[in-house]
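Below: a set of structures, written as structure tokens.
Paired with chain B in one complex and with chain C in the other, chain A is shared by the two complexes that follow.
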Partner chain A sequence: MGEFGLNLLPALPELFLICAAMALLMVGVFRGPTGREAAATWSPAHADNARGISWAAIAVLVIAAFLVSAQPVERITVFAGMFVGDAFAGFAKLLILVGSALTLVMAIDYNEREKMARFEYAVLILFATTGMMLMVSANDLIALYLGLELQSLSLYVVAAFRRDSLQSTEAGLKYFVLGALSSGMLLYGVSLVYGFAGTTTFPGLAAIVADQAAEPALGLVFGLVFIAAGLAFKVAAAPFHMWTPDVYEGSPTPVTAFFSVAPKAAATALLVRVMIEPFGPLAEQWWQIIWVTSVLSMGLGAFAAINQTNIKRLMAYSSIGHIGYALVGLVPGDETGVRGVLIYIAIYIFMNVATFAVILCMKRDGKMIERIDDLAGLARSQPMVAAALAICMFSMSGIPPLAGFFSKLYVFLAAVAAGYYWLAVLGVLTSVVAAFYYLRIVKLMYFDEPAPAFDRPLGTGVSVVLAGTSLFTLLFFVYPAPLLGAAAVAAAALFGG
Partner chain B sequence: MLIQALCFYLFSAILIASAAMVIAARNPVHSVLFLILGFFNAAGLFVLMGAEFLAMILVVVYVGAVAVLFLFVVMMLDVDFAALRSGFLRYLPIGGTIGLILLGELALIVSAWSFAPEAASAAQLPIPDPGQMTNTHALGLVLYTDYVYAFQVAGVILLVAMVGAIVLTLREREGVRRQDVGRQINRTREQSIEVVKVRTRGGA
Partner chain C sequence: MTMTGWPLLSLVTFLPLVGAAFILAVRGPEAVVAANARHAALWTSLATFVLSVFLWLDFDTRTPDFQFVEVREWIPAFGITYKMGIDGVSLLFVLLSTVLTPICILASWEAIETRVREYMIAFLVLETMMVGMFCALDMVLFYIFFEGVLIPMFLIIGIWGGKRRVYSAFKFFLYTLAGSVLMLLAILFMYFETETTDIPALLNVYLVPEVQFWLWLAFFASFAVKVPMWPVHTWLPDAHVEAPTAGSVILAGVLLKMGAYGFLRFSVPMLPDASVFFTPYVFVLSIIAIIYTSLVALVQEDMKKLIAYSSVAHMGFVTLGTFTGTVQGVEGALFTMLSHGVVSGALFLIVGVIYDRMHTREIARYGGLVHRMPVYAFVFMVMMLASVGLPGTSGFVGEFLALAGAYQANTWAALFATTGIILGAAYMLYLYRRVIFGELTREDLKDITDLNLREKLIFAPLVVLVLWMGIYPKPFLDVFAASSGPIAARYHAAKSAASEPPRVLRTAAAKQE
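Now for the complex of A and B:
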């Protein structure tokens, strides 16, 4: 019989988020337009309602972030060991909340302009965020899958959120079908592992796996491979990346921005936890999978992006490449490596949000434009926006002293320290190739004949987010200690037990 | 005992036969009907094993909801199965090869399958005596205590599914006659009944 005295404190941020999301859902329904107007695709009443609910959701995300940072650092498990609260989860949750809040701020104006403002958007983002937080706190294969599904299901819906656009619905459907396939692979792996070990809890698996480390059973390794493939799908690492460019291009731009930050951070943190905690002793088996996906992602991200003409597709390939670099830190499977991954993801979130803020500014005569050539001569018409994008592009290609340089530095340092010189060399080579398309954008903006200027004003939300994130990218090197320290504590928490 | 064995063979034989018919039937509506027959027989097998809760769930959820939904979908969407099968021969070689490779790999695992030494004890949950406690009671005891987290998160997932379905599909359509309960109740006799004098042999 179970434990009845539940200690809910470690799950307080998640409980708060779920309750707030449901409350906002109710408020949105009863405050919004009723009757026939409610079913209309768009009306001014929808937009009013959506604006209010979105700002409330942003406040909820901020409060949840405070609740997360108020959590104790030591490791506590609750809900009969299914949910774990530790410093690693706390760090990842803060990243997820920041990513969600920033992209939600950017979405408000866009959704109104594009006549797709409905309050459910903010509510679904809240549910997706909760799912991601449950993922990084999972301490059991069942909890892992439930968190993942809560996240994915919300993401499928927001991908198709502009339901009158063929592209958006196609993106949603494609994401749904391929996401279901990856969930199937993951579940198949989970069932194989359960069939072998007879338990789904991470500590239980870790104990059983540790006994078998020298000569693991075939079924266990098969299960591990399927789980790794399913998770690689979720982080969009090559060769499981096929859905990414189409989904990124088809989804509404703020949704793409959201996809490229929060779910990435959550899935990467989950992958790290699953590989280190239950399957840590099997590192010999999984490091090959991780390095192959890492190298393939870096290569694909560098070479496939060169020919792109659509900026959202370019960002999709760029995100695949970045996941490759982040996974370099996981290959050694040690504490410095995990710290590198966490730093990488944190900085990547800020760079990516800034880049998408610029993409959201790309509007001419009231219509969104997405071609890279449209950025030509931006430095003359909008020098500040061009400067911000230039900072991001330099940072993404890893040029010192911008933040992106440090993120690459820490993962490569970890790889070198563990003796994987060739991996670091491959990483540096592919980032040189990738620098070509990042710097081409800078060249377009500063040296090419100007294309007609974009519409103004940009909108307060987007401008503030753009300024904040690009300043972070630019000035990270001045005072990097807080992030580095927090990442070190988080990584240590994973190896503490 | 004899009756139990007879029931077992009866249920299993019908189950296997109807499962085969689900794939073999040409008419998709027949397939779904065979599926329902299969569900009922599987439920019978569960009852034989003393798992009455699973049997009821199978009937209520799978027959009552899932299969009926299938039936609706099959009948409402005009799926042209002949067209769906047209590429069958073309894709047979590659699909068959992949299937065979997967089958070989699975055979490899099954033949080399081993359990972790601790697995047996880990999997051995205390099973309450069926004479003392019903299935439903026993499941409820763990579902709302040890697995309350999974149970609640599953609930949230279903809520998201509902919200998503409404967001993506609820839309204004022209020419739909909606029911307005207030108007229906507020109607008076004078508004709805008109007394017409009909001339004999003249028609209305």
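Now for the complex of A and C:
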């Protein structure tokens, strides 16, 4: 047990990140254009400033990732038990940092091209990332909420970052209203739990819940349901997914890419920790919620995506479906399952970043295009980009030997091992339905007559990210042991291993 | 590992990928790339074939054990290893895959004009997946190769196929995927029950009959679609008709064998009690497949479709023989698979030859080809007779053994299945008469040319194989023999234990009491 205020080491990455974010904010303000120019929506000076700050932010994220990986794997709590550092948090933080850094790299070119480059973007991403890292390290419901809000408030602004675009501001507003609603639900649940348990710390709750496991107080269960609903909102699992398609479609594409990876990883890790640590003994109560959410998400993700014409909307439904699969691993509430969830999310991040990198390449005559049909014949006009997207699509539908197969393998293994056969059967069958729309994209690119080619060049940042992430997806099977091993260690940390 | 210490199986499996990587790296004008891709693919696949011949030469036919075994650590956290090895069941299918691939590439030499580079890469990747599937000795590894086949095949049908290629490609992909994912769950269940995915180890594990019952159904869902058995065969005519010639050859020659191979590798030896229990149902489905699809084949107007339906009928003999659980039946199933792989592949190539010239597969558009194409008529005749099962050709040996096995297991099943042979003769002879004999009346057929050198080179090995297998089948049967015995023995042990009533029901009844 660390003493309050004395041992800051476990929180070093977060502290570094938040200090660096504030420093970059200052640098950005004082280095940027002044006077009339500063008031303009866009100017070359803004772009110049944004580029510098963005690369600095990426460097900060990379340093933070090193700091995270240098953390000891033992469980340490600090700040009077509010903050916990363990292998689980470490794994999730690395995913968050990688997701943030990759999507930020992709955003730089895009923001300049679309004349929305302002340094605040990178700073907001840093703040959101800090919030996410606090979320996964939360050891108390209050700490959880603080992390969540730091993340959410930054994300609301980022969603509306293109402030002269109706769609973007609408997305931001929608996200804000619905996000506030979900935060409210979460808080309501937290207050109920506090009222019935008398504590907000996770270990304290775990002890009280374990005492009541046979016959839990009704208020406690109600609180748990509200907390689960609030968190389901954050991970965009059906039936709390309604905001996702609109926000994904309306937000600027790099923002959508960011939304679909880092916050998703953070919220999922948070959900896992909350369900396993404080409410673990109540698994009898919550597994039904997770079960239903998982099945609904898989079903909705598979069927609703079929008729989409906008690629970002399609990816929104796809992400809902993927969360459904990840939650399959949470249903058993055991170590194998959590390991499956972590593997799923890790691989999902890479597939998704690669897919969004391709979406960021979809530009014709200087304008971004988002219709799925615009991908027609891409295999001829841009064979490498098409191959990368095809790899992602096959991977997302879970076809071996691509990475997506392994992610599904481990969550279904957990479900089968725990005896949830019907869940596993529903899962694999919806994955066949989902394969249909992923294949549709492959079909458009490879079977159809080419539409006019996309603009070139694609931009160095996007190209490098695309090559890296798609090669990861393709070649993951060659040497999967490190990621799987790390996920196993992280999952064991939650179960006192 | 071989005596020379080379990981021969891995070499045979992954050498095609090296060729694919080379083709990917070729740069230059499109014509140059296409020519390079063709040659690189041909030489890679020939080298793979030569390597695979060493497998046969070094193969010890006296033991049912797995040979050339290679084990590498792969996913240590889960005990999943990269384990390869072959026995009498798989050896000849590895060879079938490596023989058919260069033939397919040669057959596509002129027929494929667009996106040659991608085509050749797809075929080489496909070869890796096929060979890997027959060699895999770990369930997860097996599944990866089994499913991985879908990606290149989907692209081959979808990009280079005929008019309804998109529909067919989707149907093929989704049908097989839907079946396979259930098998994945069965594999996971077996892993969870036995804590291993090692196939030789699982062959020695006994699972209780209730568990076998569900596992068997899950495996069946996957393999029955792949074989394909009636009534889940409907993807096959579509996929065959729309695929380019070489795609049909691989589909019929190797991909269909994957399902039957699965029955022989997993369903019967690992789940013998359930296999005994389900045998009557499999017999019924096989007999329906044999009779019904033969009748359907009789009325087809498209040559490719006719051969596609005949494939379903022939595979009916394979499933019939497999589930007789007799040594003859199993050997007959294996031999029929091998023979059908060569013969149906050749028949699709035969259709491809005239399709390349006339761009139609409609039977009515042809007639009297013997006057202009004598060599072609000869090759067609050999393959047609082999398909019918004439003694002296490969088709006879397999079907005879399968029916001999069926006769021991169930006289009625043998009786009904034999009618299939008669129907088979009917539709094949009818096809041959309409295409080859008669007067050459159509104007555009008057200057059709006979087989050129490349085409003769394609057909020569196939004709030799068909006659060799028919006249002197011993080398092939020797390979099958050692491994067929244990499979049949396991089935028999389960059958005698289940005498009356079947074991699955008995345990279920015991449970109720």
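Following the convention adopted for this analysis, the second predicted complex is superposed on the first by the 491 of 497 C-alpha atoms of A that agree within 3 Å, B and C clash if a C-alpha of one lies under 4 Å from a C-alpha of the other, contacts with A are read in each partner's own complex, and residues count from 1 in each chain.
Here is the rule we go by: a residue touches a chain if its C-beta (ideal position, glycine included) is under 8 Å from a C-beta of that chain, and two chains touch if they have at least 3 such contacts.
Keep in mind the model is a prediction, meaning the values are calculated, not measured.
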item: Touched partner set for A:V416, first chain B, second chain C, both or neither; value: second
item: Which superposed partner A:M351 touches (first chain B, second chain C, both, neither); value: neither
item: Touched partner set for A:M82, first chain B, second chain C, both or neither; value: first
item: Partner contacting more residues of chain A (chain B vs chain C); value: B
item: Touching partner for A:G198 - first (chain B), second (chain C), both, neither; value: first
item: Partner chain(s) touched by A:I399 [first = chain B, second = chain C, both, neither]; value: second
item: In the complex with chain A, residue positions of chain C that touch it; value: 73-78, 115, 118, 140, 143-145, 147-148, 150-151, 154-155, 158-159, 165-166, 169-170, 173-174, 177-178, 181-182, 184-185, 188-189, 191-192
item: Chain A-touching residues of chain B, taken from the complex the two chains share; value: 105, 108-109, 112-123, 141-142, 145-150, 153-154, 156-157, 159-161, 163-164, 166-172
item: Chain B contact footprint on chain A (complex, rising order); value: 1-4, 6, 18, 22, 25, 36, 38-41, 79-80, 82-83, 118, 120, 123-124, 127, 130, 134, 142-143, 146-147, 149-150, 153-154, 156-157, 160-161, 163, 172, 192, 195-199, 204, 207-208, 211-212, 217-220, 222
item: List of chain A residues in touch with chain C within their complex; value: 379-380, 383, 394, 397-401, 405, 409, 412-413, 416-417, 421, 424-425, 428-429, 431-432, 435-436, 439, 442-443, 446-447, 477, 480-481, 484-485, 488
